[in-house]
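Take a look at these structures.
In what follows, chain A forms one complex with chain B and a second complex with chain C.
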Partner chain A sequence: MRIELEKRANPSTLYSVLSPFLALGLTVIAGGIMFALIGKDPVSALYSFFIEPLLDIWSLHEIAIKAAPLILIGAGLSICYRSNNWNIGAEGQFIMGAIAGAIVPVVFHDWHSPLVLPLMLVFGMIGGALYAAIPAFLKAHMNTNEILTSLMLVYIAQLFLDWLVRGPWRSPDAYNFPVTRDFAPEAILPELIASGRANLGFAFAIIAAVGLWLMMRYTLKGFEITVLGQSERAGRFAGFSSKRMIWFSMLLSGGLAGLAGISEVSGTIGKLQPIISPGYGFTAIIVAFLGRLNPLGIIAAGLFLALTYVGGEAVQLTLSVSDKVTRVFQGLLLFFVLSCDTLIQYKIRLVFSRLGQSSEGGAH
Partner chain B sequence: MSAVGASGGSPLLAVRSLTKLFGSFAACNAIDLDIQPGEIHALLGENGAGKSTLVKMLFGVLAPTSGQILWKGEPVRIPSPGAARRLGIGMVFQHFSLFEALTVAENIALSLSPGISLSKVAEEASRLSHLYGLPLDPKAHVADLSVGERQRIEIVRALLQNPELIILDEPTSVLTPQEADRLFETLAKLKAEGRSVLYISHRLEEVQRICDRATVLRHGKVTGACDPRQETPASLARMMVGSDVASVTAAGTNTKGDVLLEARHLGVPARTPFAVALKNVCLKVRGGEVLAIAGVAGNGQGELFDALSGEYPVPEAAAVSIRGKAAGNLGITARRLMGAGFVPEERHGHAAVPALPLSDNLVLARNQSDRKTFLAGGVLGVIRHAVVRIASKRISETMDVRKSGENPAAGSLSGGNLQKYIVGRELDRQPAVLIVNQPTWGVDAGAASRIRQALVDLAKAGSAVLVISQDLDEIFEVATEIAVISEGRLSDAYPAHELTREKIGLLMGGMYGKTEGEVAHAH
Partner chain C sequence: MKKIILALATSAAVLGFAAAASAQDKTKICFIYVGSKTDGGWTQAHDIGRQALQDHFGDKIETPFLENVPEGPDAERAIERMARSGCALVFTTSFGFMDATVKVAAKFPDVKFEHATGFKSAENVATYNARFYEGRYIQGLIAAKISEKGVAGYIASFPIPEVVMGINSFVHGAQSINPDFKVKVIWANTWFDPGKEADAAKALIDQGVDILTQHTDTTAPMQVASERGIKAFGQASDMIAAGPNTQLTAIVDTWGAYYIKRTQAVLDGTWKSEQVWDGLKDGILTMAPYTNMPDDVKKLAEEAEAKIRSGELHPFTGPIKKQDGSDWLADGAVSDDGTLLGMNFYIAGVDDQLPK
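Now for the complex of A and B:
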């Protein structure tokens, strides 16, 4: 017996629109089953996971803080994925952006100027973009697979950061803890509103997502991205270069990941330390797909995934379950999004014929 | 055995009101068909007439919605190709299913039940191939074989099952006229042995030449059953199309202008292991001329189009010139700005993006040549969708593109309508140079005649038109000059009225200046 996926002639438009919500529903159900299996009351667990964080100002700010990098990275990745370039290494570009941006407040910590913050942000973008330039170069000129190269570069970035904060950049005043010196006040990203910690990073995320949405919808560049993503050959016929598109999309997504990195470090953490991201670069992949690779959808998806982080922390406290539960939810969500999309486009067919029979002739 | 003699007995295969529905669409609608033992029976029809669907039901690939298939008078159900083979039905598909990296014998063995030794297969295959005049080397790798030879593998593969009925789907579409002649000899042998052949084609001359009877399909229904030899090509075409097809008025009396398109010693190495290298291609097209390039598929047509369109520019600027300016090293956008237009062979994913609406597919080809009209906002490049939609509507109206909505996805159009749009998209610009690869491949007769007439009219208006085509009928309809491409080499161009099919056939085989006798033994 063999399982085949057969393309549906007319995939339902209704279900295509509903797919992310369907995936959400299935995730919640599967999550409830998971809570029940580990002996917790599923209803109250799901309540504290998904509802409670929405009910107080403090956790709404936390959601905005966590959504900012997810949306920034996810929006950049959506452009990449739309153009058929598969940057999986946003986590590494996030870290490299954070490191590059931190050069100013860590190395030149005696320099005090209003220029410090803008310079940090620019450096952050450049750092992320340059790190993404490595897989871009390898793909454009050596024909390597960017999925592998960009992913492997993540681990290099993580270890490089680890080495920096334990070695050359370790703060002299930190009693040998592996952290850099605290950033000076002018190197800290200002808060958005007085009521809580949410910082300008969230504004960057919204601006970037709306900007990219406008680009995709109205400009020739957006058209070029769509065409090259659907058919390289048609893009070539239109006079678009897929090589240039590799560079454009990788540098753009890398730059936005870098901006997310420096915004996180400057706005939330205030220094460099060995771990600066709970996997934002990877979670943003889920955000991009949950948001239908549409930058506006990604804003909503980013907020929801941020809720899973905050909710995960909440159930950790109230029900004393492992914080791994957050990753499980995110994994479930990606699984259901992708399978809903697949089953809307394809139907499953079981083929019972013997192998020998089915290989006869070219009856297609 | 003649058609008259055979019709006395009971038919080998009979089909009674066979129907296949896809949703509410009837691809085959109450088809009746009788095939007598020992006859070559033609199944005629345009693309989309239901020929393939019918044949797939006979070969067990598709299950009929209703109706009956009778084999030697007995009702049968054919659930799979294997069942069809066991009954005694063999089929040679239009698109071969061969593994290029394997040998002939290995490819044949793959279709047989496991456990038969390869040497036995090779022995049997070479016995059959000699018996039927289909020379084949069982040890040869498929990748090294010509299309005609690959087709022989498929035929031998079908013959190994000792079938009583052999179905051939458009077998000559990939053959030179000489290769086709050899195929017809083989078919005559099969017929002499009392085997039946169901021969699917839309080439009327062939059908008249070799077939005893013909069944004509249109829109899934039988519109005629006749003896093709009693009919004229025009009467057969009328049965196929349902009305008289407008004949193309050729551009015989054009005034010749300047050389607008020229290739000088154009050489391009093969980009991939399966590509063809272009060798020293020289051609000139003047304003008012239609130069048609004939040739069997896979002899460098695609590569020539790529080099002339600038999708893959060449290092030497002088190798290609457009309107007297060197353009060899320029990309497709620059060449468009010099006044050239292009229509590639593949509609889906090359000339058009199927998932995008028609108006976006207009932007695809004209985003720079019509930058002033279609784009706003300077460097931002904001697409003026409203303007593009109006232009798209104009093209659809001019070319009579039939579509389901105002601006549907390109992929939802039928092949003929999409092709009309793609050609119209270029004609709308009045290009000085138009380069078209396989303009009417897989297009219905009505649309094909419309497209051909448009090409001829463009040349009449003073443009230079280059048509690359495998279809000799088309070439003779539109061309003022004809050249032939073979293994990446281009022959000299001859005035169309000086060439015959036979001469073109010789050039297709790359047999410059050899006698016909030598050619016949070349394969």
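Now for the complex of A and C:
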């Protein structure tokens, strides 16, 4: 016996809309049981997780900070994935963007000008895009698998950053600790509004996501992306070049990841250090699919995932549970969201196969 | 569905406020951990200190903590959350929390902060650290006596002064017994990664070291040493359970007394920002029992420990040459604290290039 997923002929539109709420309900039930089993009050646990972070201006800012890079990267990746280009290396492009942008405040630290910040942002985008150009070139001209190349370049970027902050860019006045000098005030991304520390990075994220949504919906480019993603042959008949699409989607997603990198470094860290990302580039892949590869959906998904981080900390504190518990809860949530989405598109079929009858390949 | 959530939320809100009100009269002393509180090393030592603190004051205080807080942008949020939740005193227990601690402290002048092992302080930010190098010196003495090949392996975390100082102290201790003693160093570039730490341990043993010491947080190197049948030193916590026939001794961080002292100061209203760097004599670090060694080595270690406690012996006493052969300390000269805290050079005898 085996289990197969079979695509539904007519997925229900109603359930497609309800799916996230259904998933939330299931998580609340399963999570409630989990908290009750470890002897914690499930009601206050769920309250701290989902509601408390939304009631405080401060934690709203924190959610925005956490969501900004996820949305910015995720929106770029959605274009890539829609066009059937699998950029897995956004984490590396994020880091390279941060490094390229940081050239201005680190190497030219004596130069003070209002141009510093705009230049940093532009450099950040170029840095990320150039780094994504490597797997793009390899795929377009050497037919290399971009999943592998982009992923492996992540580790190179991480070690390059590590080398920079320990070596040539190490701050002269940090007791030999592996950090660059602090960015000057004009190199810091300003805060969005006075009530908290959320910075312009969040605005970039929203603008980019909405812009990409408009592009996908109303422009020929959007059509080209969809067609080439669904069938390269059909795209070619329509006169679209899949090679050019590789370049376009990789440079775009790399550039946005780079912008996210320099925004994060300039807005919240204020210098380069060996680790500047808790895995935003990878988490953004989850965000992109959670948002169903729709840039507007990705805004919601990014905010939602950020909420689970901030809420997870709140639960740790109010109930004094281990952070493992909050991670299990996050896992439950993602599991239900993704499985609800899957089951709306697919149905489960039990296949009782007899010897000699089973077709090879089976479930996926 | 929405109605249910709304109902849940409202009832929860009421409960939440009720809980908050009953907790009002306890003083909150809060902790931020970089690792898991059961890591068997650095963070566990802090958590044992936290429990000692809680036991000492009982119902008078609460000691909430956040564990596995990454160094970086997430740290600032975690620390600010603590400050906002009404903590009177926040201990941030990893070097990488330094800037975040100072930043948050500026926003919350009424909350006191204590940052472990850093060098930035403020009106409401104190720093505290232990003179771990005193323990490393004793380990060096033991290593030189026990090792047959005269080569020790050292699993280091990051090339920061704290760690470089430890390596130098270990080497200097060993060379006071065996002038030809060598140390091989592997930089794991992490505080907490059992896999990497174990790999480093294996690599060092394959390179022919027959004694192992570490400046990382987990018991993985101790386990590898046990499997390969060589001796090793524990770090931050007593790791004897991971190597009953392997551990010679361990530098045990005993933060509890310090946490109690500082909490008392907060309760009394006498807390002041200080830069504390205590040693063996203050009880902020202790040596785990000297085990798996002959009696004469044990006696030597105990004597050195007593001398360090009494102040008769400073581990960094000349003559000491730097790795490049130039003189650092003249005969009988003692290093000042400033040089140690900014230490970015090896002394002679370290078989490694300091990462630049």
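The criterion applied here is as follows: the second predicted complex is superposed on the first by the 310 of 364 C-alpha atoms of A that agree within 3 Å, B and C clash if a C-alpha of one lies under 4 Å from a C-alpha of the other, contacts with A are read in each partner's own complex, and residues count from 1 in each chain.
In this text, contacts are C-beta pairs under 8 Å (C-beta built on N, C-alpha and C of every residue); 3 or more make two chains touch, one makes a residue touch a chain.
Owing to the predicted nature of the structure, the values given are computational and were not obtained by experimental measurement.
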item: First, second, both or neither for A:D162, with chain B first and chain C second; value: second
item: Residue contacts on chain A - larger count, chain B or chain C; value: C
item: Touching partner for A:N143 - first (chain B), second (chain C), both, neither; value: neither
item: Contacts of A:A234 with chain B and chain C, given as first, second, both or neither; value: first
item: Chain B versus chain C as contact partner of A:N176, first or second or both or neither; value: second
item: Which of chain B and chain C A:K221 touches, first, second, both or neither; value: first
item: Which of chain B and chain C A:T13 touches, first, second, both or neither; value: neither
item: Residues of chain A at both interfaces, chain B in one complex, chain C in the other; value: none
item: Chain B residues touching chain A - in the complex, by the definition given at the top; value: 22-23, 56, 59-61, 80-82, 85, 91, 93, 95-97, 110-111, 113-114, 309, 311, 331-333, 336, 342, 344, 346, 349-353, 355-356, 360, 363-365, 367-368, 375, 377, 380-383
item: Parts of chain C lying in touch with chain A, wherever the complex brings them together; value: 1-2, 4-5, 8-9, 11-13, 15-16, 19, 36-37, 64-68, 70-74, 76-78, 80-82, 84-85, 95-96, 99, 119, 158-161, 164, 189, 341-344, 355-356
item: Interface residues, chain A side, partner chain C - complex; value: 21-22, 24-25, 28, 41, 43-44, 46-48, 50-52, 58, 62, 65-66, 162, 166-167, 175-178, 197, 264, 268-270, 273-278, 309-310, 313-314, 316-318, 320, 322-323
item: Complex interface listing, chain A residues touching chain B; value: 9, 218-221, 223, 226-227, 230-231, 233-234, 236-239, 353, 356-357, 359-364
